[in-house]
Amino acid sequence: MLELIFLLPFAAGIAAFILPTVLGRVLLLATAIGHLTLGVLGWTGRLTPLFEHFFGASPEGLLILMVTSFIFTCIAIYAFSYAKESELGAERVFSGCMLFFLGTMSMVTVAEHPIVLWIAIEATTLVSAPLIYVHRSQRALEATWKYVLICSVGIALALLGSFFVTLALDMVELHEPLSFALLNSLATQLDPIWLKVGFSFIVIGFGTKMGLAPMHTWLPDAHSEAPSPASALLSGALLNCAFLGIYKAHILMVNAGLGEFSGNLLVVFGLASMVVGGIFIYKQSDYKRMLAYSSIENMGIIAVGVGVGGVGLYGAFIHLIHHSLIKSSLFLSAGNILLAFGTKRVEQVQGLIRSMPKTFVSFLAGFVGIAGLPPFGLFVSEFLIIVAAVRGHWYLSVAIFVLALVLVVAGAGRVVMGMSFNEGDAPSGTGEKFVRLAPAYVLLLASVTLCVWMPESIYTTILHSIQAIGGFHG
Amino acid sequence: METLLLSLAVVLAAGILPLLANRLFTPIKACYVVLTLLGCGWGIYSLWPLMQLSVPATYTVAWLHPFELRFSLDALSSFFLIPILCVCPLAVLYVFHYMDHKEERQRIGVHLFLFNVLVAAMAMVVLAGNMISFVLAWEMMSISSFFLVLHEYEEKATRKAGYIYLLFTQLGALCIFSGMGVGFAFTQVLDFSALAKLPETAKLWMFCLMLFGFGSKAGIFPIHIWLPYAHPAAPSNTSAVMSGVMIKMGIYGIARFYGLLEISSPLAGQIVLVFGMISGVLGVVYALGKQDIKKLLAYSSVENIGIILIGFGVGMIGAAEGNLPMAIFGFTGGLLHVLNHSIFKSLLFLGAGAVAKQAGTRKIDLLGGLMKRMPLTGKSFLTGSVAISGLPPFNGFVSEFLIYVGAFYGLQLGGVQYVFAMLAILAMALIGGLAAACFTRIVGIVFLGEPRTERTAATQESGWTMTLPLMLLACCCLVIGLWPEPFVQAAFRAYGVMQANLQLDPAQLLEITGKMALGARIFFVLFLAALVSRKLLYRDKVVDSGPTWGCGFTQGTVRIQYTGTSYALSMVEFFRPVVRLSAHYTGISKIFPANPSYETHVDDVAEQALNSGLVTPVQFVLSKLRWIQHGHIQLYIGYIIIAILIALLCI
Amino acid sequence: MASFLSLLLALAAAPLYPGIILKVKAFFAGKKGPPLLIKYYTLWKLLQKGSVYSTSTTFVFKLGPVVSFAAAVLPLLFFPFAGNASLFSFHGDVVLMLYVMGMGRFFTVVAALDTASPFEGMGCAREVFFSTLAELTLFAILILFYRLSGSLSMSSFFSEGNTLTLAGASGALIVLVIVALFMVLLTENSRVPVDDPATHLELTMIHEVMILDHSGPDLALIELGAFYKLFFYAAFIIQLLCPFSLPLSLLNIIFFFILLALVYTAVGVIESIMARFKMNLVPKFILTSFVLGFFAVILTMGVLQ
Amino acid sequence: MINFLEVILVLILLTVLLSLGSTRLVALVRIMALQGVLVSLTPLLLKGHGLASLGAVAFYVAMLAIKGVLIPAMLIRAVKSVSIQREIEPFVGYHASILMGLIFLLSAVFMTNSLHLSLPEGRALILICAVTTMATGLFLMLARKKAITQVIGYLMLENGIYLIGNALSQHHSLYIVEFGVLLDLLVAVMVMGIILTNINHAFDDVDTTLLGQLKD
């Protein structure tokens, strides 16, 4: 029963609201492991959906599900210690909402019905809003408000887009239950105008959630104000879910023969995101915001990769996996730094290499990864996307792409190197703890491992995911 | 081939040793040195039979399913492998005494590990047989060298150096990616094989992108800016390998892709030649103006890259115009200079490192008289300086001579190519003269005369592991200078790989090389004869010693010695339009003036242009654009609406 | 045989000619002047003496004279005296010659720097700067010669076909070359108006100041080296002036050695009628020679296209 | 039937214009309640739709309850809990806003006509109405300072989308899916309401100009 994948976290979430906080932490971990097990079962095809009109296991969904599940497990371990150290006010709400969040995200990954997908994505916004507000500061409140309102507006537009697509189906006068499979099978008969309008709204709608510029505006606020485990989850998992919505719509467009239109749109938004990421990473004074902007930039890279197609598509998926792993690791490291220094200001964090050597290693390694350097996998994806973009004659785009990447490295490098090496006072807060270090390392190690050896099944799943729009050599 | 890769694995394994077990500092370091030496030695040993093969040896391994890592070894690769496998172990040996602060063992452990990663990565760059393995190796090389530069991170200058290096390396890598994309666009495979079938304009585009990308690594003017920062900042074993070997990977890239693309237009050659001349001349002029030994050496690397590129440019024009001798001499000279430069530049950097470590400063004008205090280092350094100035009978002359001959062959061509050949010769002549000026300055001021500070006067010779590599390298300089034939032949074979479509005959090359070598040997014999006759003349003569003739001054102090700055000043002023010389003079105001000071420094015109022309405006624009994130939710919703309108308009 | 003979003769006669310069100068000054063989006497005297070495110096100081002497001898081995094939020659030997002379200069300079004297350092700085510029002229001349003769060895410039003379097809260009080369001769051999070998103020010297601390046989080697260098340049100019196509090689040789005196006389005349330049005018002077050479090169483009 | 439909649509347009012109928060919420009821009624009046099954009945009842009663009630509570300041405080004045509403209406008409869409008969007006509603919803968000007005704008946007989705589409959607959408909407407004209350506590006002600390 595939639905278990999201029902289990839902149930656990309700339980976490009732149970005492200590049990809530255990529950978080237990659910994470249970979810991972279910994920593996789903991955191997052992779970069949009960409501197959609404849910189903698509390769791209499974891929994102597995990434989400893995990251969540690491974050759950981290949160175990973090919740204690940071003295969260409403820890029950935190644990419960984390679990709900996991549930809604899992629901996104297995949704096969456009509207169900929409419901799930909107639900992720609603259940994650309390996570951002956990610290109950004015700034957190502002961030939550912006998050909820902007995402809701954006996602409402995605609903409109989904309706337009359904409308396109209406023109065919077919009376079968709506699903992505049905849409894809009829793609060529659908009205292109409605599809284009629908896709535009879906890209803008889900793009808001995914963090594509210029709809990204909520993202830095939310990521910087949320507690670090939540930011890690937002950046490492939530954005992927929104991407999934766009990707499914893109598949439909390609099947309808409108791949060029949707690809162009994705490239434009992707490049805009990269540039925006670059602008704000440069001279950024808040390291969590910097990471948030880097997420925007990386989502842009993924969008460009999908837009240019071919090996770029493969690159986009590789990028998605590695970005999730590395970025959540970075947020976890940032959380450690925040606990120790008690500030998010870059200039007040100095000399990590002396005061927090282990966090320094994970933070710097994360930076290396995010800058697109080996042994982490992002350089493969960036290479593939550039190569594919040149092949698609996107010369100007390649130039912007390259310059934006350099700008990002310039900005992030300045921040990270300053924090790591500058002379400064030792932090006054809590020190390094194994429980909070191990997850960050495990996530990085996972990225390294995937760069050295990728399991056959992941590869085939990626191939299946991109098969629908031309595959590796398309 | 497998054994060669295994030997690289040994090198890597040797690097892991100090990373994990740095508690036992000295024994582990010794083990590390021995193991690395063994690894490199084994690599050379296994390289030998592979070089005899007529078809390139290859080794492929699947990677991440869709890709395969292919490593193949042809004459070009093996030619570039020689410096990697010969110079790097010497730098490793040098480390034993160079890094002897036990309290920094953790950092040193990391450093040594990354150093060996760098060595292995460079070998992999050279061996890479398809795009993806090239990219992987290239990025490994970049990242390891980036952290090597950051070794002394406490210094602000080091952090700046690392930062600048990171930016340039990233920009370069992305340009290389794009260049490979051009190849991929037409061949549809991530492979090297079919690049020759590209249309001519695509070839040129690809080549230019590659030239930019590799040039930023190699240090072509004006994208050399990271070099004078990174080399002084890095520890000397690293700067020796970075300057001696790693920047040659950029040259390797240019050579490799030129060979693969089979460009037939002379435009590529002209571009390379122009950049070569600019790098060569300006590199040496800036080297003249610099105060810091390692900065000077860094600029000298720019100069030598320029010489190599002049050779390549001459060769490319020759190949494009069908002037085969020009092509052969140009390329062979350029390639041989790669080898030569890797020898004497690493020698000089290691020597500079020994000086900096023992004397505690890198400022030329604070040193002096080190020849007496560090005789072995001094002698080797002198040898290296003569060699790098391209003077016979040392190795630098051989390669420069070949490039000259190639360029002279180019004079047979008409029109534009004639002008290019002529300019190449004149540029080489100018570079040669200035290089001699530059290196007489460094030898004369640093090693000769009297020490200028008390600290310098107390300098002592460094440990044997630091002097032995220097002496070995110095011997190499002389050996290649006197018996260059096998090396020229190796360079020619490497060139043969680059120009597989032409029938090349090395007879003329070898003949002229042989005669040239004979000339060098005659000179050497003449020198020995003069030396012997001098000995004879001094038999039974009274030899006395006294103070230097002070030209009337009787109480000269060491401070009246000529300084390196004034030595170079007139020459630097000659190049004033391209070399900004800024002076800072406090002036004399009172009757009894208190410590007036006069300072000059030479600013890099490329760096200034980059700062004022690109960095500042970009920063300005970026700071204006930050308005986007203005904080008001109405504005943000407005963005969404704008996005909708734009998307709808596109339909 | 003839080439070997002329080489020996050259090696032996080189110290003779500077005597001519002195004689010419004495003539202009209305004096009797030293005897023609004065330089031989000087050398002999120096060889008899011992040396005093500065305590600042190292082995480099002793190496200087040796290397510079060897470097001065080598070009003569490659020089085709009076049109006879040289002892050694190969394609590109001119480059070797120039670089070997550079090697000599390198060691002269570092030997001077070894003394820790401010004046010697000053001389070194001037020497390397001016000779760098002079090298440019020489290479411009080589470019021209390659363009005209298609070869790159001293021997083939002057022995096979003898086109590179005033009387040849491109005599007009050769005029430019001769003037340029003469200017280089003055520069490289530290003659007026670039440098004054007879001055007594170290501040104004170039070459002389660099060898201040050398004495005895060391100084003799340096002096002899300097004679050879001057001889080489003078011979070069003479070869350009005249084809030496007399039927008998011995006659050619004799003719050659007589004509050589002309160059030295010219040097003497210039030294007598000119004052040395201000130091900052010297680069302009050398650049003028480069411009002459370069001009000739540009002309060949038009001629041969 | 069609007459009824048109009447309702015109009424919706009227609520739209009224919402642009209203100056008091409570009045605005009441207008929204009316609009919610009207919008919920539209599908019932369409051909092909109707109270076909029990699920449909339950759905429409739920929708009416949520849009017409529950959400407005929540909003009224939020407004009441907010301090004395009950003015709407526009960035763009009321008259200009009404003018903008007219412009939206005009452009919606123009768009519908110029697109030459193959719409079923009588549905063009729905499209016009929906587009105007959506545009006004977005406009309200942009042009008003109070945070509550933004929630109302969001609701109006949702209403418009709902009109397009449920009324324009002939496709027999599964009510459970629609219900999910509705539930999401409800929860969204609840969450927004909670945040509004919190904002009010934290800032003593719900003016969004105070919510501008997080910026670069």
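A, B, C and D are the chain letters, set down in written order, and residue numbers restart from 1 in every chain.
Everything below uses one rule, namely that a contact is a pair of C-beta atoms (placed from the backbone, for glycine too) under 8 Å apart; a residue touches a chain by one contact, two chains touch by 3 or more.
Because the structure is a prediction, the values reported are computed rather than measured.
Colleague: Go through the assembly and pull out the chains touching chain A as well as chain B.
Modeller: Expected: D.
Colleague: What chain pair shows the greatest number of contacts?
Modeller: Per-pair contact counts point to B-C as the maximum.
Colleague: What chain is the most remote from chain A, judged by the mean position of CA atoms in each chain?
Modeller: C
Colleague: Per the centroid of Cα atoms for each chain, what is the distance between chain A and chain C, given in Å?
Modeller: It comes to 77 Å between the two C-alpha centres.
Colleague: Distance from the CA centroid of chain B to that of chain C, rounded to the nearest Å?
Modeller: Chain centres of chain B and chain C, defined by C-alpha means, are spaced 36 Å apart.
Colleague: On a C-alpha centroid basis, what's the spacing between chain C and chain D, in Å?
Modeller: Taking the mean C-alpha position of each chain, the two centres sit 99 Å apart.
Colleague: Express in whole angstrom the distance between the two chain centres, defined as the mean CA positions of chain A and chain D.
Modeller: 31
Colleague: Considering chain A alone, which of its residues make contact with at least two other chains?
Modeller: 145-146, 149, 153, 157, 193, 220, 280
Colleague: Residues touching two or more other chains, restricted to chain B: which are they?
Modeller: Where chain B meets two or more other chains at a single residue, that happens at 626, 629, 633, 637.
Colleague: Among the residues of chain D, pick out those that touch two or more other chains and give their numbers.
Modeller: 138, 141, 150, 211-214, 216
Colleague: According to the definition of touch, which chains form touching pairs?
Modeller: A-B, A-D, B-C, B-D
Colleague: In their complex, what parts of chain B are in touch with chain A?
Modeller: Interface residues on chain B, with respect to chain A: 64-66, 131-132, 135-136, 139-140, 142-143, 150, 153-154, 159, 162-163, 166-167, 170-171, 173-175, 177-178, 180-182, 184-185, 188, 190, 619, 622-623, 625-626, 628-629, 633, 635-637, 639-640, 642-644, 647-648, 650-651.
Colleague: Can you name the residues of chain A that touch chain B in the complex?
Modeller: 145-146, 149-150, 153-154, 157, 193, 196-197, 200-201, 203-204, 207-208, 214-215, 217-218, 220, 261, 264-265, 269, 276, 279-280, 282-283, 311, 314, 353, 368, 371-375, 379-380, 382-383, 386-393, 398, 402, 405-406, 409-410, 413-414, 417-418, 420-423, 450-451, 453-454, 456, 459, 472-473
Colleague: If we count contacts the way the header does, which residues on chain C are in touch with chain B in the complex?
Modeller: 47, 49-60, 62, 65-67, 69-71, 73-74, 77-78, 88, 90-93, 95-96, 99-100, 102-103, 105-106, 109-110, 112-122, 124-126, 128-129, 131-133, 135-136, 138-140, 142-143, 146-147, 150, 152, 202, 212-213, 216-218, 220-221, 283, 297, 301, 305
Colleague: Which stretch or stretches of chain B touch chain C in the complex?
Modeller: 368-369, 371-372, 378, 382, 386, 389-392, 397, 400-401, 404-405, 408, 411-412, 414-415, 418-419, 422, 425-426, 428-430, 432-434, 436-437, 439-440, 443-445, 448-450, 512, 515-516, 518-520, 522-523, 526-527, 529-531, 534, 537-538, 541-551, 556, 558, 560-563, 566-571, 574
Colleague: Once bound in the complex, which stretches of chain B touch chain D?
Modeller: Touching chain D: residues 626, 629-634, 637-638, 641 of chain B.
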